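Labels for the chains are A, B, C, D and E, by order of writing; each one numbers its residues from 1.
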């Protein structure tokens, strides 16, 4: 169930402009990595690249899995947009993957997950009748339902309220135990609570190189780090300062 | 209740049309052997109901068979075009050519090849339906949101299942547009086929009545054809809407 | 008042070609005095007499240049009932031409030769008419438009005329273009159908015209069969191809001057059964019809029109080859082998006296259709056809 | 470069079609009076070039006039349907009826009203183009994203300017689909119009040639018509793409 | 430029289910109000109702403006989705309102705003070529460009990183000075930094009433409240506790 990843030489160009190049990172098996960076620096693009999705223009990646097998079909990807299919009811969106792979549906799991994200009773609703945060939660449930060894999530909790967000931290930590998780987030606290390592995509000092990746360690405690953990506030302040610095350095 | 409402509107517009018809006759003083009065036509309609019913039965079978075949073939073509780029380059021009050839120019040819039976009319109706379906289907298929395709990719979908579960439903509104258009074209296809050679059907009856200057009968046949066409259109429209329960039209529907 | 039309003997189907030609020659002598008039000279009369023969043999072209309409011969269209005086009175030459719309029954073909040639030769102008020839794609349209007075004259078919009038169209026949049936039943010469009786169990194609079923059933009856013994299929305008491809065993509604030549061109010999020999009363195949309500008002122009057609017919018969060349040159689309062949096959079929009325034919055919139940009631002759030159 | 590429593909598919044509003749042994050989047709094409050019000129003017009118009218109808619900209930059935009436039934009526000039052909082409544009335009217009309409509302847009700046651009892909279809239908409209009565034009020439069994000439005229139709389609397609620079097709284009 | 609003008897039902009813609130002229509440409680719906947008099903609202004139055309609405028009380039999206009202475009303001939200140089880009956060910033710029006296924003900063978010707080505070602002947010800190009053939409104690509105005062300091303001952390903790409580009360 656990699968480590090593990436090297990642590069993306859009329309002649280099987003980043020569980027390397290691995602340990079963560890959580938070990807941070300024809006528009290339986080979503990097996720797409790793997930093996179609990219326009020039791109490049050396990706090695620990078991040497290709990553295809073993990665769950939750996009920045919810990507719910409007012609499938909420619950049908969950087992889209089963239908696409012709696998039997796991009704029990689907119902459990919807209940866990607070959407019990909305299983038969059309996605168009949901609020923004509800849609995001359905998308999260769909990602969790996939039970893939590697999970990539692009700002998975951005549209939900603070309380729900904390609940979802618990839920995700529980359900994604042992998975290799790469998660884009804008919330430093969230990154610190959930991640074993933090990767910050920030402007490179080399001209024409676009962004580079800086690695910061996580708090190394249980996941999620309790809100009242005394290490959290200083770490948060430090991280924000760091994010601000990396900006000014460029 | 809703059905009753829809019926009412159809009746109203039918009456409106009859009024318009009568008005045209009154204003332009067009002689009855070019445009008969609604009364005369209705009279013939009742009087020759069995005859009309017989020929209508033939034409309706042709139309329905052509519709089914045309939609299936059109869909298949749209899929082929969307999935095999190499094919597209050669198939698209051919498809276009098949469309811009006036049907009546090759109708005699088709009839000679396929005989004077139902087959040639079905082929004709199929031909005429085929393109709107293929064209709108193709347009719909190639405009699927990239995000959904990406999702299908990470979910490990085969091209075939991606098609069924993502691209086709996404193309359904566009396709529905094409099918609605096809429904209006199908009757003409069948009638042109009958015109090129047949011994029954509404097109045949109209041609015959016209030659005998029984203009009343011709218009009665026309009326039956139009009525069936409208029925076909609205049934298909209802069916298509039922196929897209998630697709809430912004504007109130016709019914 | 000239006697040539009013006193003409009713032509019968048994009338021989020389007799018709003789009558036409008489018209020429009586009607024209000017030397340059199309059919005025004695040579012309002689040429006319041999026209049928020439047409068959493709005889040498006559040396005469085609006559052009000269002002001296312009008709005085205003003097009532004076169509026959047209060529006698040169004083009123400067009269403006009357606009005249004539709708053919179908695309221009050799069957329309007198009209095309009358146009080319300026004969319509001579009779005070500025004629526009319009070709429809559907033969059922012209009579409707004539009835609606959208066109002044339409070419139609005698059998259809009876139906049209029965349906209340205000139409009347004012002249004849082809005075015999052209309709034939055609089978392949290599088929085993030697007579109408052999059609039993065969498939017969036809082009919807309205009366095909009646004519065919009459012919079948004549040979002891009924419509139930054959299968009828509408092949619309694909008469020849359907026969050539053996989709049908026989076709009815084919024209003897056209479809047979068409088959021959594709190397298939055809065998024709002439319908007037199979129990169907003879009739005028191509006729001129006009609106019956405005007939009296336009009678003079009609007479002038028919006079021009008559003159053109006579000239064609005198100069068949030259006629073909003029016909061919009038529209590049007409220049085909088939048309050329049809041209010569059609020549002997033209009515030499277009205005002449054979009252018996109309009465007999009306009776025939009535007995067959094709029309609801019998019309009197005057409702069906008129002699434009009658007082 | 790209244009050259596109040309190559057209030439390839043209050659392929000629091959197919020849193959059909060889295999089915269809006689030349039903389907002439490509050589025979090309010969006539060259030999009668001036004749064909003359008639093509007439038909092309009719097509272009019909196209412009049809698109304008179709758009106007789509707008009327989308904006006046009351109208929709009665207009839509009439619109449908105008589509399902076979032309030959009302040809005398048209001639009676419109005469034999170019007008009647332009009207026919317009009628036939009109419906795909109106239908797809209407379908496109009524599917505008609610959010954009809301935005227009808070931005204080008049219905008219909302239409211009929001609904029409949003409907453009659907409309383009309809216009593409219309482009293939326009030539047929003009030709059918000529069929209802004319003394020039490719349709006239084709029927005329067909009636005389000059199948070579008929196919030559057909070829000219098809060539022009393809040209029209691809030009319009390029134009429509240029009108939608933001609209990146997922799949590579034909060219 | 300032315009106060009083709303009474607000009610929305969806498909026979009452979202809320009998809701009243006062938005003082020139004040900022933050609207908080659990995901799916009806915040976006309330905003739509106030903005005068089309609602499905049953709804009701008594809205009074301080000057007695209708609110129409005087409210800027920034939706939860960015609603950029894909057929307009970034800068053309800004002056969409001008084009819709046939007013002259303010090119200078448009360029300044785009620069202020960090999108200088992307004026001519198509919206489809932007990242999620960039799109949201364009939508924000479009809202600010409108210069309406009343501004309603639905989670306007949800898709941008922490640093950008702070910058945008400054920007919005500056540019929306004197306007009456109603803003949905999930971030308690954000609410406290920007708002004069906080409205929390929370489950009503009355059965069948859906949600009710609880009013909490803001910090009452300068806008935005500096990050190092000592009042901020305790207020934040208190607010989170409050949000959690209101949940449990139901």
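Everything that follows uses one rule, which is that a residue touches a chain if its C-beta (ideal position, glycine included) is under 8 Å from a C-beta of that chain, and two chains touch if they have at least 3 such contacts.
All of these numbers come straight from a predicted model, not from anything done at the bench.
> Considering only chains that satisfy the touch condition with subunit A, which of them also satisfy it with subunit C?
Both-contact set = B.
> Subunit A and subunit E share one sequence, so how far apart are they rotationally when you fit their Cα atoms? Give it in degrees, rounded to a multiple of 5.
180
> Busiest chain-chain interface by contact pairs, anyone?
Top-ranked chain pair by contacting C-beta pairs: B-D.
> Which one of the chains is farthest from subunit E, going by Cα centres?
Between subunit E and the rest, the longest centre separation is with C.
> Rounded to the nearest whole Å, what is the centre-to-centre distance of subunit B and subunit D, using the mean of the C-alpha atoms as each centre?
17
> Counting in whole Å, what is the centre-to-centre distance of subunit B and subunit E, each centre being its mean C-alpha position?
About 50 Å, centre to centre.
> Roughly how far is subunit C from subunit E, going centre to centre by Cα mean, in whole Å?
Measuring from centre to centre gives 87 Å for this pair.
> Among the residues of subunit D, which are close enough to touch at least two other chains?
Expected reply: 34, 104, 108, 112, 146, 149, 195, 210.
> Would you mind listing the residues of subunit C that make contact with two or more other chains?
Correct list: 144, 148, 237, 241, 245.
> Hunt down the residues of subunit A that sit against at least two other chains at once, touch-wise.
81
> By the document's touch rule, what are all the touching chain pairs in this structure?
A-B, A-E, B-C, B-D, C-D, D-E
> Give every residue of subunit B touching subunit D within the complex, in rising order.
Its residues touching subunit D are 9-10, 12-14, 16-17, 28, 30, 34-35, 82, 85, 88-90, 92-94, 96-97, 99-105, 108-109, 112-113, 131-132, 135-136, 139-140, 142-144, 146, 149, 173-174, 176-178, 180-181, 184-185, 187-188, 191-192, 195, 203, 206-207, 210, 218-219, 222, 225-226, 229-230, 233, 249-252, 254.
> Using the touch definition from the top, list the residues of subunit A that touch subunit E in their complex.
Going through subunit A, the ones touching subunit E are 14-15, 36-40, 43-45, 80-81, 118, 129-134, 137, 155, 158-165, 186-188, 240, 243-244, 247.
> Considering the complex alone, what residue numbers of subunit E touch subunit D?
Subunit E reaches subunit D through residues 48, 51-54, 72-73, 75-77, 79, 81, 83, 85-88, 96-97, 99-102, 126-128, 146.
> Looking at the complex, which residues from subunit D come into contact with subunit E?
Within the complex, subunit D contacts subunit E at residues 145-158, 161-162, 165-166, 169-170, 172, 244-248.
> Under the touch definition given earlier, write down the residues of subunit C that touch subunit B in their complex.
Contacts found on subunit C: 140, 143-144, 147-148, 160, 163-164, 166-169, 205, 208-211, 231-238, 241-242, 245, 247.
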